[in-house]
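Below you'll find a set of structures to go through.
What follows is subunit A paired twice: with subunit B in the first complex and subunit C in the second.
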Partner chain A sequence: MRQVIIHPERCVGCMQCMVACAVAHSKSKTLFGALQEKPLPRPRIHVGVGLYREGFPNRCRHCDPAPCIMACLPGAIYRNEEMDTVLINPDRCINCASCAMACPFGVIRYHEDSLGPEGKVVAVKCDNCVDRQAKGLVPACVEVCMTNALTFEEPDTSLKRKTDEIARRISVGAEERKAETAPGFSLLNTLKKAQTEMADYMV
Partner chain B sequence: MSKKYEEYTITKDGQLMLAKAEKEQIETAWDRLQAQLPQCGYCELGLSCRNCSMGPCRVDPFGEGPQKGVCGADADIIVARNFGRMIAAGAAAHSDHGRDLVEVLANVAEGKAPGYEIKDPEKMKRVAAEFGVDTKGKDTLQIAQELADAMQEEYGTRKKRLQFVSRVPQKRLDTWEKLGIVPRGIDRETSEMMHRTHMGVDNDWQSLLLHGLRNALSDGWGGSMIATEVSDILFGTPSPVTSTINMGVLKEDHVNIIVHGHNPVVSEMICQATEDEDLVQLAKDKGAKGINLAGLCCTGNELLMRRGIPMAGNHLMTELVIVTGAVEMILVDYQCIMPALGHVAKCFHTKMISTSDKAKFPEMEHREFHPENARELARELVREAVENFERRIPERVYIPVEPIKTMSGFSVEAILHALGGTPDPLIEAIKTGKIRGAVGVVGCNNPKIKHDYGHVTLTRRLIENDILVVDTGCAAIANAKAGFKVPEAVELAGPGLREVCGALGIPPVLHVGSCVDNVRILVLAAALANALGVDISDLPLAGAAPEWYSEKAVSIAVYVVGSGIFTVLGTTPPILGSMNVVKMATEGLNDVIGATLAVEPDPEKAAILIRRHIEKKRAGLGLPSIEV
Partner chain C sequence: MRHVIIGNGIAGITAAETIRLLDPTSSITLIAGETFPPYSRPMLGMLVEGAIDDRQMILKEELFYREFQIDAKIGHWVEELDVPNKVVRTSKGERIPFDRLLIATGANPVRLSVEGSELQNIFFLRNREDAVKISQAAKSAKAAVVIGGGLVGLKAAHALRKRGLKVTIVEKLSYLLPLIADGRGGELVQREAENMGIEVITSAQVSGFEGGPRISGVFLEGATTITCQIVVVAAGVRPALSFVDPNQVQVRNGLVVNEFLETSAEGIYAAGDVAEVMDLVRGENRLVPIWPEAASQGRVAGINMVGFRKAYEGAMARNVLRFEGIDLLSGGLIGPDNGMNLRIIEYEDRGAGSYRRFVLNGDRLVGVVMVNKIEQGGVVLSLIKRRAALKIPDRLLQSPYFNFSQLLPRLG
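Right, the complex of A and B next:
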């Protein structure tokens, strides 16, 4: 089954995935329409900041077994086997935050959800865009990612590609060839790293 | 015909050429737009700021992420600053174009511009008088020198207000004075906008927007107006002329030369050179029947207006014209010239020549024009184009359609002449309601909107409802291709407009020029307001830019609104990140300046908005009005 796979080295931190996620989980499904809605739809993917101020798109891993499911006392969190996705039933959620405490990745948030019950704060997290997938669309975050930091593919395909990349990197003479795919972005990252180290940013 | 091409453009020549481009694997702007999708939402909303190196910053429109830039600028400030800089860029482009013409005028006066001359000395005297130049007993060149000097002063900081502001109706000027937005110097307002939008200067979104109005007015009643008036002085004031339009103006058995860009300084010289008998003979020696010159975009509009030179197409057609395989040479000056053109031309024998010291392009040969060398260089380049005819590959030539007729050349002077010397017949027709009002349909093409659909649909609906349309720029080319600009097109107009235009023998859609020539609409509007003793904002007028894309179009839209004319845009400027700015532009401005901007992508709905507005203004003047 295809899954959303994150390639953090390609993230430029534009946060488009967050915008697209919020729009995909709005009532109107359009950017300008979503901005007029109450409550404002919110993203379920969150771009964090790395050691060197680079972006990292953080989202639910849909773990199996999932710690959040085991921690959920009212049984609001369940696994949709067909989509291999962990989902939350907002009507059952009691907003106790046990799932967030159990989640190793910090991807569960609590707020009134534009698609959930009116006026009720509930646990909200990535739903793998199951509605979009049912229509044959890829998850919204993947669709908008201009740098392929987020892809939607078979894990095996992705891992094979990664294996080949590693293999090419250790090839004899690879130093001379140094195929740079995004020199500007690499330079930016190098500069960011240098700046951070100079400022001893994370002390 | 693939359905895709019909989604891209309503024009037959465009659809057929897109098919050829795809078959020959030539990339176009539509392909590149697809590759760009989705475009960045922060930028679309105007919520990203790159003005300083504490940033770049962006404000999260959903409120979860950052709400202020590093400096503390919130969404309102960031949006207003970005919008201000768009205006500044547009005003700078038009005004620098104007400056280049003033320099040619000065060179002509000094005898350093062989080939150029004062084509309309009478107009020059009229304009010189406005600038306080004493013309009595002085020869033409002396007046030219003094006028050029006076106009160069307009660009600086020594004046309290621009000279052409004296053309503005008093009520309008009072409003500007009250708001403190009377434009002072052309470069000054643009420079001040760049200053204000620097980090730590103007951080009040309302005062930024006010300066935006002033900056745009320095274009409309300054740089652009100088560009139009000096072009008329140097190359002649347009009068009605008939020509042909669309890609069918290219001729299979001729050497085809195309001029593309905006400034007539280069294209007029090329035009002269193509008429050179030796060069025409050379073309015949090479097996062609002659030399065929055609225009693209606004430099094409300049030549069409003054000389009836045929027009090959507008902005989105510029790549496809090369794909005909029938073009020996394209000479470009500046503005709206896609850097993609040189790459397309590499697939053909077409020579690409850049001519301006300030505009170079990939895969083009740079041959710089200056007033001193223009005549000689133009002849040299036309010769090279003729010699290139032999390299054309006949099997690859495809001219997709037959050209259609169009009428052009409606300067304000020509319109008044057609009316019998005064605006009275037009005013009378408006008063009786035979003509409900007038609308300027202007602006660009944008691949986000089906090519020409916005212009043509809106214009059709307006003339059907007895609204006179005046058009410029790429909109004017779209309307001409649609067949609206022949006297017989009155059949498409409502009964009142049909009667008035029919009696005068003019089309219901009048071509008033290139995009700097939008100022002709301002001058006409001011004349109507003065004749009626009212403000421009009281008149049943509107503006529309259904397919705009450029910063220049933003400046135009803002100076048109600043001059008191309600304006409808077909694509959204990047201001939606601030509802305060949006409300000000679409509602609040009415109380401030007597006109607003509106955004309506659907031209059918835009037509209704405009008709309602016109009827409201008619009622305001006590004229018969109808329910829309």
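Right, the complex of A and C next:
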């Protein structure tokens, strides 16, 4: 089954995925509509700042077995086997934050959700855009990602590409190597690193 | 193979489910004292408050037993465990033989041995029946005293205050939540409790109860009396082991188990609040009576009972409490601890209302307390659990922008 795969080395931290995610989980499904809604739709993917100010799109890994399912006190978190997705039933959720203790990636947030029960604070996280997928669409974060830091594909395909990349790197001369990642990414990341180190040095 | 499980708490039902998934043919007998379907014990506070009805606590409907082909002995309490003959005897006189036994009987609340403790309207908050009784009594009561400022005490106090009662918490130590928070964390929770109108008395001992036949007041040492119509005793729990002969199975504070959760008696396993398991942070066997560990122990015990060998990775004490407007998450060693040379980093952001305390042993994180902004708590707890060396500067942990990506190998 196709899954959202993150390639952190390509993330430039533009946060378009967060906007797209919030819109995809709004009532209106349009940016302008979403901005008028109450509660304001919020993203389920979070671009975190790395050690060198690089971006990292952090989202639910839909682990199997999932520690949050094991930890959920009211039994609100469950796995949708068909979609290979971990989902939260907002009606059962009691906002106890037991899943906050369980998630090693820190991807769960707690707030009133535009698609959940009115006025109730619940645990909210990535749902793999199951509604969009049912309509044949790819997850919103992937659709909007300009740098291919988020891809929607078979994990095997993605793994094979990475393996091939490494194989080519060690088996032919470096000058013959076709760059898999545009040089701009390494330049950007190198610059960010240098800036961060300089800033640290000034302090 | 005849599997027998004592207890239908989270450890017992998780084990039963695991055994059935791995072994479709063996017989499973589950002995359950409580007659209500398996429910989520941590939700009892909400039941007292009236925020939920009891059906909402149910984790497995009655159908569960039939669906998983579990022979459920409901309303039976185990009175005797005969280890050499591999038989348990229940309160209804049944003798149930086993090949593999799981003891998942949980724990019982600690009783106070002071004068007047037999009076009416003195309650515990441990099971559904307790919660129902407290709710009933709360209807006609004006004031309540909660003895013990731990997690259960705070939940009880919160629920009763929400119902409009005047509530006083009496805590033996100098701050609230002494087992799961440090002094500052306890203080912040106390302030929140006081903001919602709960009176908190710390460093105080209960010396007796007055009244008859119902309670009418609590005596504190130092001659203070608090008038009340309800008392909730939340002074901790002890493993429920009355049926176990310590000459037949090794017992310390609880049932001592090895890494496969087997007790000293072959074929007899223990999981949940009753078991003394390896504590990952302290590196020694002790009671870690928390719900999520009971669930994972139930699973591991079930796997081993079926005949696969699966080691339990060890327990890490951790808790989270949402108390009115404040959230507190903690885990591992809160410190200070005499045995280890610990380094403690504290950071408070009064503007944002958040507080963090990290406890380090060398370059390893061993404990944490977080007040508010607890979303990244799981990341910190997994660092403690994996006992990995902390490679990032301390200041990053303290930052509100701390996130998972900062733990990834550095780029470039």
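In this section, the second predicted complex is superposed on the first by the 190 of 203 C-alpha atoms of A that agree within 3 Å, B and C clash if a C-alpha of one lies under 4 Å from a C-alpha of the other, contacts with A are read in each partner's own complex, and residues count from 1 in each chain.
Everything that follows uses one rule, which is that contacts are C-beta pairs under 8 Å (C-beta built on N, C-alpha and C of every residue); 3 or more make two chains touch, one makes a residue touch a chain.
All values reported here derive from a predicted model rather than from experimental measurement.
Undergrad: Identify whether subunit B and subunit C fit side by side or clash on subunit A in the overlaid structures.
TA: fit
Undergrad: Between subunit B (first) and subunit C (second), which, if any, makes contact with A:155: first, second, both or neither?
TA: The answer is neither, since A:155 touches no partner chain.
Undergrad: Tell me the contact category for A:117 with respect to subunit B and subunit C: first, second, both or neither.
TA: In the superposition, A:117 contacts neither subunit B nor subunit C.
Undergrad: Between subunit B (first) and subunit C (second), which, if any, makes contact with A:189: first, second, both or neither?
TA: After superposing on A, A:189 lies in contact with subunit C but is clear of subunit B.
Undergrad: Output check: A:103 vs subunit B and subunit C. Expected answer is one of first, second, both, neither. What do you get?
TA: In the superposed model, A:103 contacts subunit C only, not subunit B.
Undergrad: Using the superposition on chain A described above, determine whether A:144 touches subunit B (first), subunit C (second), both, or neither.
TA: First partner only.
Undergrad: Please work out whether A:73 is in contact with subunit B alone, subunit C alone, both, or neither, and reply first, second, both or neither.
TA: second
Undergrad: So, A:33: does it touch subunit B (first), subunit C (second), both, or neither?
TA: neither
Undergrad: Which partner does A:20 reach: the first (subunit B), the second (subunit C), both, or neither?
TA: Only subunit B is touched by A:20; subunit C is not.
Undergrad: Is the number of subunit A residues in contact higher for subunit B or for subunit C?
TA: C
Undergrad: In Å, how small is the closest CA gap from subunit B to subunit C once the two complexes are overlaid?
TA: 11
Undergrad: So subunit A touches subunit B in one structure and subunit C in the other; where do those two contact lists coincide?
TA: In subunit A, no position sits in both the subunit B and subunit C interfaces.
Undergrad: Which bits of subunit C are touching subunit A when the two form their complex?
TA: Those in contact with subunit A are residues 40, 42-43, 46, 52, 56-57, 59, 291-292, 295-296, 299, 318-320, 322, 327, 329, 331, 374-379, 381-382, 392, 396, 401, 403-406, 408, 410-412.
Undergrad: Please give the residue numbers of subunit A that touch subunit C in the complex, ascending.
TA: Touch list, subunit A to subunit C: 8-9, 46, 48-52, 54, 56, 58, 70-71, 73-75, 92, 94-106, 108-110, 186, 189-190, 193.
Undergrad: Within their complex, state which residues of subunit B touch subunit A.
TA: Within the complex, subunit B contacts subunit A at residues 38, 40-42, 44-45, 58, 60-65, 576.
Undergrad: For subunit A, which residues are in contact with subunit B within the complex?
TA: 14-16, 18-20, 22, 31-32, 34-35, 40-43, 143-144, 146
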